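Letters A, B, C, D, E and F name the chains as they come in the text, with residue numbers starting at 1 for each one.
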Amino acid sequence: MRFDEAYSGKVFIASQSDYKTADVVLYGMPMDWTVSFRPGSRFGPNRIREVSIGLEEYSPYLDRELTDIHVFDAGDIPLPFGNPEKSLQMIKDYIKTLLKDGKMPFGMGGEHLVTLPVVEAVYEALSDVTLIHIDAHTDLRDHYEGEVYSHSTPVKKICELIGPENVYSFGIRSGMKEEFDYAKKSGMHLFKYDVLAPLKTVLPDLSGKNVYVTIDIDVLDPASAPGTGTQEVGGITSKELLDAIHAISASDVNVVGCDLVEVAPPYDNSDQTAIAASKFIREMLLGFVK
Amino acid sequence: MRFDEAYSGKVFIASQSDYKTADVVLYGMPMDWTVSFRPGSRFGPNRIREVSIGLEEYSPYLDRELTDIHVFDAGDIPLPFGNPEKSLQMIKDYIKTLLKDGKMPFGMGGEHLVTLPVVEAVYEALSDVTLIHIDAHTDLRDHYEGEVYSHSTPVKKICELIGPENVYSFGIRSGMKEEFDYAKKSGMHLFKYDVLAPLKTVLPDLSGKNVYVTIDIDVLDPASAPGTGTQEVGGITSKELLDAIHAISASDVNVVGCDLVEVAPPYDNSDQTAIAASKFIREMLLGFVK
Amino acid sequence: MRFDEAYSGKVFIASQSDYKTADVVLYGMPMDWTVSFRPGSRFGPNRIREVSIGLEEYSPYLDRELTDIHVFDAGDIPLPFGNPEKSLQMIKDYIKTLLKDGKMPFGMGGEHLVTLPVVEAVYEALSDVTLIHIDAHTDLRDHYEGEVYSHSTPVKKICELIGPENVYSFGIRSGMKEEFDYAKKSGMHLFKYDVLAPLKTVLPDLSGKNVYVTIDIDVLDPASAPGTGTQEVGGITSKELLDAIHAISASDVNVVGCDLVEVAPPYDNSDQTAIAASKFIREMLLGFVK
Amino acid sequence: MRFDEAYSGKVFIASQSDYKTADVVLYGMPMDWTVSFRPGSRFGPNRIREVSIGLEEYSPYLDRELTDIHVFDAGDIPLPFGNPEKSLQMIKDYIKTLLKDGKMPFGMGGEHLVTLPVVEAVYEALSDVTLIHIDAHTDLRDHYEGEVYSHSTPVKKICELIGPENVYSFGIRSGMKEEFDYAKKSGMHLFKYDVLAPLKTVLPDLSGKNVYVTIDIDVLDPASAPGTGTQEVGGITSKELLDAIHAISASDVNVVGCDLVEVAPPYDNSDQTAIAASKFIREMLLGFVK
Amino acid sequence: MRFDEAYSGKVFIASQSDYKTADVVLYGMPMDWTVSFRPGSRFGPNRIREVSIGLEEYSPYLDRELTDIHVFDAGDIPLPFGNPEKSLQMIKDYIKTLLKDGKMPFGMGGEHLVTLPVVEAVYEALSDVTLIHIDAHTDLRDHYEGEVYSHSTPVKKICELIGPENVYSFGIRSGMKEEFDYAKKSGMHLFKYDVLAPLKTVLPDLSGKNVYVTIDIDVLDPASAPGTGTQEVGGITSKELLDAIHAISASDVNVVGCDLVEVAPPYDNSDQTAIAASKFIREMLLGFVK
Amino acid sequence: MRFDEAYSGKVFIASQSDYKTADVVLYGMPMDWTVSFRPGSRFGPNRIREVSIGLEEYSPYLDRELTDIHVFDAGDIPLPFGNPEKSLQMIKDYIKTLLKDGKMPFGMGGEHLVTLPVVEAVYEALSDVTLIHIDAHTDLRDHYEGEVYSHSTPVKKICELIGPENVYSFGIRSGMKEEFDYAKKSGMHLFKYDVLAPLKTVLPDLSGKNVYVTIDIDVLDPASAPGTGTQEVGGITSKELLDAIHAISASDVNVVGCDLVEVAPPYDNSDQTAIAASKFIREMLLGFVK
């Protein structure tokens, strides 16, 4: 007696109702409590689902349909307001279960800090993982006004976990001097302003590797993604981000998990950013899930 | 592995997952194709669900909690775009099933025309029903520029079905001269501008009767409900509408079904109308479901 | 070959194409250059016309239809940007022509200063006129930072022209101490906060008099009229303003002209204020034009 | 006594009042009843006219002024709400009259289905016409959930009418697999993602031909056109669309009619899309009307 | 060389530059990290200052001008993101300094939790204080999902501090059953729905007492205050809140401090709520500072 | 006792409190009274300051921090509403003082007319200055409907002052035929559509010269700057404007003053344009102040 959720905006379009047969599990991480400027990304995952009903299931870029893969949309992890540490623990525990069940994790943020526990869980399971990080911001702070768990620190923490030489950042155009200095000295790979060109040079080196892909929607120019906490002009176009996703899809890396974060509906005029995110997610699903 | 929908905005807050034990079934009728001015109410039901997570489950007005009753949220009926006749048939068929299963129907619109097939199904099942119609508009046209199935005609069609003497309209402040003339001549009961005062005089007469309650959100002043297709200044406050709902709850009428219609998110600044609607629905659930 | 403008939003709904047979002429005064806080009312008249297509032509309050009277919508007077003096002269010249042709002038603002030249022209023609001024603001300054032609001065100038004893202000809740002092000393009639109650006591005294009615939309509480330059909380409801218009209609005063000003679309969410204004204008037309 | 409409936003800027001497007739087709996702384009034509007052009449791209040509703005065709078939018939009848009178038709939508009856009328008159279709979507469905007259089907219907080999689609980035398969098999010319480059290769082949140009505003990236029903990221810039219009202008094709559709004001923040559309229309007028 | 901040929106209008001679100190508490539904009130204080330039300095209600008193606007306390405990400590420390210097504290929120440390500091200084709490919500939880420092708990904590018999809540219309039960049993004074009437009965009993007044802007109906995190329909009008402030002003209570909280600009269309708040603050300053 | 304004949005981020030691003085010119289309830029400077708190102080483009230079934010010049002549005089007088004190002037508009008095003061002081003008509009009118002081005339007036051969305009894509004709005949340098490429060819010729740089935010495509009075599609990206600023920084010209104008918050969804402007200002400060 319940009408089909897969075409109602209550789950991501064309997702299926059976967890067991799923290849990939989509889940929301509705957390924005450590954000310094404009909060609101806690509402991102649900809005992305809601507007996904406007999508075609077929990608002319990849010549593939969503029904060709098995996606299960698990809903949002019920994270406790204002408690970053407990939130991160809940995310990590959930991802461990997914990995144990052989599912590829696909997260929707929420602030960027949510990527940290996912990568921790993936690293614990695989003991070898490379990060492709597409973002306007370095996210390389040690702490933000004393808080180590902050939306400004996750990439730094991941560098410490998996080794800076295994971290590749693209599109970066904002950060503190200290963060750029760390990037230079530590051996991590930070590419400023552009995404597609440096990605194409890097991908052959990552051939066969386990890769986790994290995309902060603010890598886009605010023209394409006004609905985010910290807009940074001088960003890439939505065409370039599509091309970047397709470049990863066409490469020989082994995508073991991914996320798209920082869609903030309170600042998102006519749902422009959420609609964009829904299409990037379709392409990531069709391109990353083999 | 799916997180609880009852607290995620994917179903109405505190609704339960078991259809069988439900007393009342909540469903969306996402249709706005016959609207003459500003369309968009097709997105109403989902937005109401989404913002319902901001509600308390307890009503201090009625001293009752949503968990005291059994609500099943069935999602939106998948109505065919631009085809009013087929849409009305689908709604009617669905309501027949609900009534056969002993469930009280609770609809969310969508345009006001959706009330017609529900009342038809209820009337066929019970052969005796009285309409309480709370609205800014008469909705008493015979046709709208030739179309008999229009958002301007449902109350006229219901008058013809159940007898004008069984139709009570409250809060009316807009319509054609012909519609007001019909109201006078036909024997139906039309109360202009106010809702609470005339309702209180009428309710004792309806004692013990089967009553269907339909509320068009535009009965509210646009100050309280900007997010609707056809705003009409001079409306009632949200306090008066709450009082009206509580007056029906406290009376001896037998509510056999109800709906709340015409919430149009594209015109709804900061979700004011959807949030208001979610609270009216909570009060209707707690007040009408015994 | 041109489609009917009267139902297209290009002229006010149901207005007629023949100037000669018109009883009343509707015109816009798209001027906001002396506004101190938030400009934008220059766009008010056109937006009011555009949303007027959502109106019924029939008023259930007055039991009369727009087609019962003859309204000609002349469009907007092409006022020169940033030049208040020349703008006022153009308005005055235009009103003189209307009066000579025996038409009742009905203006849409624009900032409140536009009322001044209209009253000047009416006073010159009739040499006897009383002002009913419904507004949140006194508008009684001598000058605003040195400028005598300002949105803060028109009522003062009108007091000097027609005599303060012939000026009645209602709903006033904002102004400088000096303005309230002037109101007390000068003999004009200033009623604070309320409109309907004092209006009802005053109207019998004005029986048979030539009255010009000017309504500043900001007399409404911002809940009912967010789209205006200077919102003032503590205002009246749209119901009270409708009642006030109907009280004037039902009285024995002789309305010789009127206007509704200060609708500012850039701040008007979902056209709430413009839609409200269009309905007030319908009621003013049906109530004031005998 | 009526102020000049050509500079008031009531007709398109600089349009002239005499139908007889007009070279080109501008008309609105305010229809959005078959739209599957977000309705609202019925308000597009009037909003485009309103904001056209912000335009210069001179194009530095084409070194030509609007007053160099004769444009008559006929207003909106009064289409019946919710009745696609009757609407299409009214449009077709109107275009026939225009063509009989020797006027070039220039339409403003409304949903894309409105292009079908215009092309039908043009084809009946000329018996030879080629379609240049600039859009994000294929619009090649046979039907949409059973409805043959849908915003998803017009290009398919036109293929069947004028022959798929005479249909050229540019900028396409969304559709069903079946639609792309049809494009391949049928012999029509479908160019994905880009507009300018493939257009430049095609235009020489169309030299001397009768061409109808239809532009769906959603071919633009949502960054440039948020105010449309179905945004698709990965679109072209407004510069590229200007260049495409100018390429057609500079070619030897014979433009026999054109339209620009799918501007939807309810989703159009600060009128960005309507303002853009008004400028594209100026360039199309100056470039296509010889 | 710095232009006057008092008329530029950088400090509250008419505030003075000398801390020493100030009677009352205005400060922002830009914190929203424990909010469960819609965050954003961190931007409230600055937006209120910005729009205060639209205010008259004179109150016709109180016949007093802002320049009659000495207000110093200290700016926002630089609270650490996402750390409630440290934030509360910083607020408390700051208020202690103010009280030691003999200044009346006047706070602008931020979420309602900020009231707790202010009342703690006031209580420590005076050892006797009564709370007047005007709000839609009880704020009487013990904890929110385990967190004791939450926007849902401050009134409970204050009850425990100053004794529930010294706490008077007005306008309450939302909360958990447990909270209303506590209110009944504990001996605190909770008045549902209305503010002015119960306040008038209570004020004589508080004659001569030290009173701290806290106003949550959501006590207003969402029609008057859409820009807040958790809207609750059925609220009071802005007129009633003005009357309530004036009733306190006219009484014999000794106001020792006050605040106005929960203005959330991201949801505040056309600054309606911030403008309203700026006027309430003017009236509170003119009425509470003797 | 006042909290640090530099991190509270009341002054531009990282600006310092001492005028004497400042290298550069930032000031607002909140004037929009001669604007023909959409007013509102009077609120630009304050909104830019407010959102500047979201900026990093470090520029990865220039490898320099705001604390490396000495910026004093003087607030807004208190210009008289609706009086262009007096406003221009006040600006000029202020700039003379700044120049006498050896400060580099950095203005924030307001409408573009504000540039005229600044250049006048600079020219009087240095008797030799070249203008780099980056804008969508020619601004070369002699008068606008008779008014010589208009937002459409400043560049013409500057041509007459400093000689057209010393004026370089970039990115121009809108104006009257007469303006483009003047540009051709007068000997000034006008580059259409593009900014970066022609700038790079011109900069070597300006080596060692005193240059005043004025940027109208509407040179950007409306996708990047919706919040401005007169949007013009076909504009440059924010990347190109950043590159242009950096090209000037890297050249050997001597920047003696600059401004950024026409940010209009009433049309600026989610502060996109103000946030962009704040970053351009950071880059201009770091690049132009040696």
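Keep in mind that, in the parts below, a residue touches a chain if its C-beta (ideal position, glycine included) is under 8 Å from a C-beta of that chain, and two chains touch if they have at least 3 such contacts.
Note that the structure is predicted; figures quoted are calculated from it, not measured.
**Student:** Tell me which chains count as touching both chain B and chain F.
**Tutor:** Correct list: A, C, D, E.
**Student:** If I compare contact pairs by residue number, which of A-E, B-D or A-D overlaps with B-C on over half of them?
**Tutor:** Match found for B-C within A-E, B-D or A-D: A-D.
**Student:** Taking each chain's centre as the mean of its CA atoms, how far is chain B from chain E in angstrom?
**Tutor:** Whole-Å distance between the two chain centres: 38.
**Student:** Go ahead and note the Å separation of the Cα centroids belonging to chain D and chain E.
**Tutor:** Computed value for the inter-centroid distance: 55 Å.
**Student:** Listing for chain E: what residues touch at least two other chains?
**Tutor:** Within chain E, residues 38, 221, 223-224, 267, 269 contact more than one other chain.
**Student:** Which chain pairs here would you call touching?
**Tutor:** A-B, A-D, A-E, A-F, B-C, B-D, B-E, C-D, C-E, C-F, D-F, E-F
**Student:** Once bound in the complex, which stretches of chain C touch chain D?
**Tutor:** The touching residues are 1-5, 7-11, 19, 25, 27, 46, 49-50, 72, 74-78, 97.
**Student:** Applying the document's contact rule, which stretches of chain B touch chain E when the two form their complex?
**Tutor:** For this pair, the touching residues of chain B are 53-54, 56-58, 60-61, 63, 65, 221, 223-224, 237-239, 242, 269-272, 275-276, 279-280.
**Student:** Considering only the defined contacts, which chain B positions touch chain C in the complex?
**Tutor:** 37-38, 172-177, 180, 192-193, 221-224, 226-227, 230-235, 267-269
**Student:** Give the list of chain F residues in touch with chain C in this complex.
**Tutor:** 32-36, 38-40, 42-43, 80-84, 144-147, 150, 266-267
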